[in-house]
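Structures incoming, each one as structure tokens.
Below are two complexes that have chain A in common, paired first with chain B and then with chain C.
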Partner chain A sequence: MAVALRLGTSRREGSPWLPYLFLAPYLLLFVTFVAVPAVFGLWISLHDWDYMLDSQLFVGLGNYADLFDPTSVIYPDFWNGMQNTLVFTLASVPFLVALPLLLALLLHQKFPGRTFFRAMFFAPYVLGVAVIGLMWRYLLDANFGLVNSLLGTDIAWTTSQPWAWVGLVAVTVWWTMGFNAIIYLAGLGDIPVEHYEAASLDGASWWQKFRYVTLPGLRPVLVFVVVITVLASANMFGQSYIVTQGGPTQSTQTAIMVITDLGLSRFQMGAAAAESYLLALFLAVVSVLNFWLLRDRDAAQQRREARAQRRAVTR
Partner chain B sequence: MSRTARNPLLWLLLTLLSVVFLGPLVVMVLTSFKTTGESQAVPPTIWPGEWTTRAYDVLLSSPDNPVLRWFANSMMAATAHALLVVLVASMAGYAFARMEFAGRRVLFGIVLSTMFVPGFIFLMPNFLILDSFGWLDTLLAIVVPGAAGAFGVFFMRQFFLSLPKEYEESARIDGAGAFTTFFRIVLPNAMPAMVTLLVLSFLANWNDFVWPLYVLFNDDSLTLPIGLTKLQGAYTIDYPVIMAGAAIASLPVLVLYVFVQRYVIDGVASSGVKG
Partner chain C sequence: MPQPTRSPFTRRSFLSLAAAGGMSATVAACGGGSSPRDAGGSGQAAATGDGGAGGYDGPQMDLTFWNGFTGGDGPTMKALVDQFNAEHANIAVTMTTMQWADYYAKLPTAVSSGNGPDVGIMHVDSVATNAARNVIQPLDDVASALQLAESDFATVPWQAGLYDGKRYAIPLDVHPLGFYYNKTVMEEAGLDPEAPPTDATSYMDALEALKNAGIEGHWASPFPFTGGLSVQSLVYQFGGSLFTEDGASVTWAEDPGVEALTWWVDLIEQGYSPAKVDQDADYIALKNGKTAFNWNGIWQINDLKQTDLEWGVAALPTIGGTPAAWAGSHQFVLPVQKSSDSDRAQASRVFLNWISEQSQAWAEAGQVPARNSARESAEFQDLPEQTELASQIDDLHFLPTVPGIGDSMSEFDKALNAATLGGTDPAKALADSAERAQKILDDNAAKYGG
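Up next is the complex of A and B:
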């Protein structure tokens, strides 16, 4: 921005430090609580770090090696947590990607009260996990819960498998569906109406319009939704912590629960840090795979061009 | 009315979905007014047969579970956090959007890339960092570290990029300094974005769970969500009391949501499209 630059160096506000002054408050926070900890965490993971002790024993990659050594103390819990997280992610993501899309298609219709219903379906997401967890623990109670009563069943939702997973997935879908639906809705709004009109002129059916206009138009948004939903599911903590308390017999104990328990309850911070970095590495690989599998070469090209254009305009 | 609007199937579906999404919240509130016995009745009732405020009386007079204190803690922390986010993110977002400086591109790239770094890798190191500051078990632990997140900066930058430059340019020609221009001219025009970010940050902080669960210890320093888990331990299956706690924790965010739902939804929507 040539104008800003020239004015920025005028006599009155003559300092080239000005941009850094605007950045300083945020950068101070960023360095202290993001940049430094990212590196410090790695450093911790190279130690047999015990919060209760004054000096920490350097063990190199020992903690990471332990995670791959079936005879180590931390091995069973960690991989149990990883496996549970994988189960939850695989079970929840398809519903969290598909159902909100249906909801968004419904809300994309023109009818009176549309904004009202949109706000209503998003409402559960406004509540915290502690609230919705306690609420559903009550509703899913095996003896006097409303869910069993409505379904006419006698299921131990919080203390038997596979029902514990069914319950946790359903609660998560109910809680976060509105979030993904809103993102889809915004994407639907960006698809040019002319594309639908052209398809109508060609005599396209509802399904053909969905398949050849809506889905391609929604592709970047769809990729975004898949990636963030996988990350959110892999970060699952509160639902298990409150509704099933990790049970029955640790079968819903997620990776984050294992990590926080080891690092922040039992203060074996080195091993816990190593676990968190390994999980992060897994998630990075999965995210890259998602982007790569769902990529669209034409659209990527278009985006690159659009970006180049934007850049040219802002200069 | 369009054809879709007269479709009875649409309205049936909307009604059904409304019951599914809001029903549990209604049951939560109704349960908080039931007797313990009725809350465990088989088959369960929905509407209380006998209304009682016992659950609220128990909650508000329990010295071991200072719910009002937790409420105040949550309110102070979420308010301070949201204000801090808006202030630092507006300034940084403005610099990234409007100012030219060495390393701008690289720096913004680094900040942005941390949006994709999962938060749990910061748990251990930030715990130790806060410990060294003496911030553990204080509200500062809830207010400050989260404000280092990249979303706010990204969000405000996007907004400033879309803001016409004329206001600032005329202000500068009139001889206003950079800070005057920013606080007097730019920020007032950025109100919608600032309110959105304020509300989103408030909600996220009010509901935050993992982090406060491990950095707050004493009964008096807890935030509401963590206090609720304590209630779960203390009252196990006295569900009216637990639901009363949950209702108290929901009230402010639901009221806030009713008034500013458009900002919340627009904020969420923009995170996908522009991202």
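Up next is the complex of A and C:
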């Protein structure tokens, strides 16, 4: 069909529909599973929605108003969840950004068994959250766990704070470090060797090479890693759900857990949808901020200067 | 949703809008179908109306049966299903087992998309909710075919099956909380393992003796299993209740509730329990000989039988003034089907009819049969542990059977957690949680039409 389309129109231009044809499979999935649910979700959030009941009560912005009314049923749980999500994100993202970078630098060196170690560090990421959750729940068990036994400590890793967060962050770092490291490795491979050679000729130290060649070369990858890691951490669910059950006293219950419970256990779909959109709004703002903070200021400066020059020339 | 949501969508749509969409998709994706009641209509009842008593002679029928028997009771149920399949040439039942929490979340979505199982199991406190939400269908015909009579059942499991004047569930069993003790540990502390404590005084004496022997005798769990079930039992023992009988008001913050939770937290303060007990650690401690006593569900009997532990089980000691214990009940239900296929409806009822009569086999899985007649049978009396726990039958307490009651119970568990782990004053923890639970009850009353 694509061939027929091409023959029927100008050979050089191709059918104007051709790009859309190639986009269609992705577009179809996107519309079905992202665009339509996203819009439909907005509609749901305006109702007291239970998909099993015959009629859905329209409540306008009532669900959103409840989220800002301290006396409503959903207010304390939701904001507690948001706060916990913030704590986890702040606690986990620095480690998830920095440690994999160090790891990637190590694994980028040439040494025997490099591929083996690359695979080893990536391996935990292959496991599902149910597997790592259950495994660490047993390992971190305060009364009979292996971790306490090895460390010779008596720490309640899953039932006291701040240890519950320490445990959850450590588990998450162990689990997803390999993924970020692989992204960094790809980025490291893209930095031209000549840059390092030039730096060496100029007498740059190891640190200077890292600071002035590696980091700038990794900027696009770094932005990607930070944004994706913030989103992943803000969407944390399984670790808390399995390892701590959101405890002690709901202190590790994340926003997604609150939303899931409200929507899928208590069947308050409308309120849960409203919470989802508020969380999404927060994440969108945070992501934009990330891009803005991590933008290449020098390059932006250069572009501005170039524009100014062009204007000067034309004038 | 696992933590690294790194689908191609999120990767491409940097601005997280995709993540936002994906999230609401989770919620929205379930909103597709209209109410299955519209689709199925009232043609749900079996065509023949004999409730499965007359058997099934239609074409080969494959049925699905969902439940949450992930513990020691699963294999027994599977064996019963296999036996049914062997005895019925033209019906093949496939049993699917999943975690209860997943089951309750999955069942409504499956039903609304027309993929619900033909037969399911439900806890007593979920029947009303699911009846109100059109997840399960009335089965009065099965009840009358089985000649079920109220006099043959404990009151609450029987009443629980009724919603809006119709029967939605057939009671299978009653599963109470029991008092398990490790005989070896008791002997270490100089206690008589054949005479476990039965009241507040003897229980405290025993704990004190264990403490003197360096053993924390009763680990106070901060989790619903087993802390929540234990403290609920204590509330009833101190003469209180969790809700008013009509399920309209929360009453657990009254004095009996405070006494119950205080007694529980005192286990820690008096050195009878470690401070921060992990999930299931209380039960593991019993099995490992680290503690002497654990209040746990009847479903642990078969698990303990597989160990070489010296253990016993008795009715809960009466800590408050009245003997009382928490109990749940499993009930058979028929999920709503979108297509009205009378052969399927009939075959489902034949299976339901048959399996609900296998009380004795089910009792051997470590449950108390719901029928009085089955409990009084000679075969059941041959199961000493189950019989011991069945002795509590008149003192068992269930949640009121109003739709959405389980939603407010999570607030009770929060109070337990806050008092046991967070050091919150029991009275304050209970008052706070009762206030939130009351709002949930009111919301649900409005939603389900009271």
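We adopt the following convention: the second predicted complex is superposed on the first by the 263 of 315 C-alpha atoms of A that agree within 3 Å, B and C clash if a C-alpha of one lies under 4 Å from a C-alpha of the other, contacts with A are read in each partner's own complex, and residues count from 1 in each chain.
Heads up, the rule we're going with is that a residue touches a chain if its C-beta (ideal position, glycine included) is under 8 Å from a C-beta of that chain, and two chains touch if they have at least 3 such contacts.
This is a predicted model, so every value here is computed, not measured.
Engineer: One more residue to check, A:Ala142. First (chain B), second (chain C), both or neither?
Structural biologist: After superposition on chain A, A:Ala142 lies in contact with chain C alone.
Engineer: Tell me which partner A:Asp54 touches in the superposition: chain B (first), chain C (second), both or neither.
Structural biologist: In the superposed model, A:Asp54 contacts chain C only, not chain B.
Engineer: Thinking of the overlay built on chain A, is A:Thr249 touched by chain B (first), by chain C (second), by both, or by neither?
Structural biologist: second
Engineer: Looking at chain A, which partner touches more of its residues: chain C or chain B?
Structural biologist: Per-residue touch count on chain A favours B.
Engineer: Touch check for A:Pro76: first (chain B), second (chain C), both, or neither?
Structural biologist: After superposing on A, A:Pro76 lies in contact with chain C but is clear of chain B.
Engineer: With both complexes overlaid on chain A, does A:Thr176 touch chain B (first), chain C (second), both or neither?
Structural biologist: In the superposition, A:Thr176 contacts chain C only.
Engineer: Under the stated touch criterion, which partner chain does A:Phe291 make contact with: chain B (first), chain C (second), both, or neither?
Structural biologist: The answer is second: A:Phe291 touches chain C but not chain B.
Engineer: Just chain B (first), just chain C (second), both, or neither: which does A:Phe68 touch?
Structural biologist: In the superposition, A:Phe68 contacts neither chain B nor chain C.
Engineer: Contact-wise, after the overlay, does A:Val221 reach chain B, chain C, both or neither (first, second, both, neither)?
Structural biologist: In the superposition, A:Val221 touches chain B alone.
Engineer: Could you tell me which stretches of chain A are touched by chain B in one complex and by chain C in the other?
Structural biologist: Residues common to the chain A contacts of chain C and of chain B are 30, 33-34, 37-38, 40-41, 44, 49, 51, 128-129, 137, 141, 143-145, 179, 224, 231, 235, 237-238, 256, 259-260, 263-265, 269, 272-273, 276-277, 279-280, 283, 287, listed in rising order.
Engineer: Under the definition above, what is the set of chain B residues touching chain A in their complex?
Structural biologist: That would be residues 1-2, 4-5, 10, 13-14, 17-18, 20-22, 24-25, 27-28, 31, 39-44, 46, 87-89, 91-92, 94-96, 98-101, 104, 107, 111, 114, 116-129, 131, 144-145, 147-150, 153, 161, 165, 168-169, 172, 175, 177-178, 182, 203, 206-210, 213-214, 224-226, 228-229, 232, 237, 239, 242-243, 245-246, 249-250, 253-254, 257, 261-262, 264-265, 268-273, 275 of chain B.
Engineer: In their complex, what parts of chain A are in touch with chain C?
Structural biologist: Contact set of chain A toward chain C: 30, 33-35, 37-38, 40-42, 44-45, 48-54, 72-73, 76, 125, 128-129, 137, 141-145, 156, 158-160, 172, 175-176, 179, 224, 227-228, 231-233, 235-239, 245, 247-250, 256, 259-261, 263-267, 269, 272-273, 276-277, 279-281, 283-284, 286-288, 291.
Engineer: Note which residues of chain C are touching chain A in the complex, please.
Structural biologist: It comes out as residues 1-6, 9-11, 14-38, 101, 104-105, 108-109, 111-112, 133-135, 222-223, 274-279, 281, 284-285, 288, 290, 404, 407, 410, 414, 417-418, 421-422, 424, 436, 439-440, 443, 447.
Engineer: Touching residues of chain A toward chain B in the complex: what are they?
Structural biologist: 1, 3-5, 7-8, 12-13, 16, 18-20, 22-23, 25-27, 29-30, 32-34, 36-38, 40-41, 44, 49, 51, 103, 106, 109-113, 115, 117-124, 126-132, 134-139, 141, 143-146, 149, 174, 178-179, 182-187, 190, 221, 224-225, 231, 234-235, 237-238, 241-242, 256, 259-260, 263-265, 269, 272-273, 276-277, 279-280, 283, 287, 314
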